[in-house]
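Please find the structures below.
What follows is chain A paired twice: with chain B in the first complex and chain C in the second.
For the complex of A and B:
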């Protein structure tokens, strides 16, 4: 699971955050407090939780209807805005589910400046497996 | 060439299409049936509308934030990725396509697309 500090090392990172499946912001790092604040991240976390749920529902339905595999489970949802993007991942939660764990870790998210954004690097950082215990 | 034709020529792109924001038309090319392409365009349109609603809400909350207006969204699955920018969608095979190149190409090609969703 990528730490918030690791996410803040991504090119163009403006903020990194963790949030519950229900959307509540749990923890955050903010590089430019004058441009993005905790209240904005809280609303953004709720939006991201909603979008992850909808995308998961759509991927599930799509696979059932089309018999195409490889869309579910959603690993990351990215919203590309005018100047910034936000990438959120729920992959760690899926890994916990696969291991039969009932208590799931939070979602992680990172806000990136579009001009420097490397989406594949963000996905790779978020998908990094947990170190073996 | 249209953006859909351009997208389909890129490595890993299995299908691409366009939809009308008002929901009455769509077109596509690639490895989808007509009915599945219709379903894809409806889902993409619904999510785009939702993302724009969220962007407006965020703009009221914090004016001039960099996420508003939204330009598109990406859903990354284990084997396939769906990229949507304005009213254009594209399905990409993760093993052979580049998500960065696809997003950047779509963002540039659709840079002047109106955010009015008309």
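For the complex of A and C:
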């Protein structure tokens, strides 16, 4: 599982955060408090939780109607805004589900400045294999 | 040659579509039936509107500039991803795609 501190090492990282499936912000790191604050991250987390749910529904429907595979479950959602992007991941939750765990870890997210954003690096950090037990 | 064919030449890109502002498929290339391309175009159009609405509301509720108007979005599944900028959308293979390059190219071509 990528830690918030690891996400903050990504190029252009402005903030990293964790949130519940229902959207509540749990923890955060903020590099530029004059640009983004906890209150903004809380609303952003709710927006991302909503988008993950909707995208998951759409992936389910898409696979059913087209018979294509590989979309469901959605692992990451990215919104590329005008100056900022947000990348959120629910991959760790899916890993826990695969293992039959009842309690799921939070979603993780990172806010990136578009001019430096490296989406591949963000996905690689969020998708890094879990350490062997 | 259509400009959007350039995107199909990038590693990992399996399908690319250009859609009208109402979601109608204008042109599409790649490994997909025409009916599914039309569905993909409509889906991308709908998702674009939703993302636009979310970014607008985020900006309104927080007062934070820089989110709107959004350029695009990426939905990353287990092995496949959907990437969209402007009125373009493409399906990519996660293992082969160089996503940064694809996003840059989508952005450039979307301005044509």
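Odds and ends about this structure:
Assume the second predicted complex is superposed on the first by the 133 of 133 C-alpha atoms of A that agree within 3 Å, B and C clash if a C-alpha of one lies under 4 Å from a C-alpha of the other, contacts with A are read in each partner's own complex, and residues count from 1 in each chain.
By definition in this document, a contact is a pair of C-beta atoms (placed from the backbone, for glycine too) under 8 Å apart; a residue touches a chain by one contact, two chains touch by 3 or more.
It should be emphasised that the depicted structure is a prediction, and the values quoted were computed from it without experimental measurement.
After alignment on the shared chain A, the placement of chain B and chain C results in a clash. In the superposed model, A:88 lies in contact with neither chain B nor chain C. By the document's definition of touching, neither partner reaches A:16: not chain B, not chain C. Applying the stated contact rule after C-alpha superposition, one finds that A:2 touches neither chain B nor chain C.
When the shared chain is aligned, no partner comes close enough to touch A:45: not chain B, not chain C.
When the two structures are aligned on the shared chain, A:25 is found in touch with neither chain B nor chain C. Where the contact sets of chain A with chain B and with chain C meet, they give residues 35-36, 39-40, 43-44, 47, 50-51, 54-55, 58-59, 62, 65-66, 68-84, 114, 118-120, 123. Interface residues of chain A facing chain B in the complex, by the touch rule stated above, are 14, 35-37, 39-40, 43-44, 47, 50-51, 54-55, 58-59, 62, 65-66, 68-86, 111, 113-114, 118-120, 123. Against chain C, in their complex, chain A makes its touches with residues 35-36, 39-40, 43-44, 47, 50-51, 54-55, 58-59, 62, 65-66, 68-84, 114, 118-120, 123. The touching residues of chain B, when paired with chain A in their complex, are 36, 39-40, 43, 47, 50-51, 54-55, 57-58, 61-62, 65-80, 82, 85, 94, 98-100, 103, 107.
Listing the residues of chain C that touch chain A in their complex gives 36, 39, 43, 47, 50-51, 54-55, 57-58, 61-62, 64-80, 82, 85, 94, 98-100, 103.
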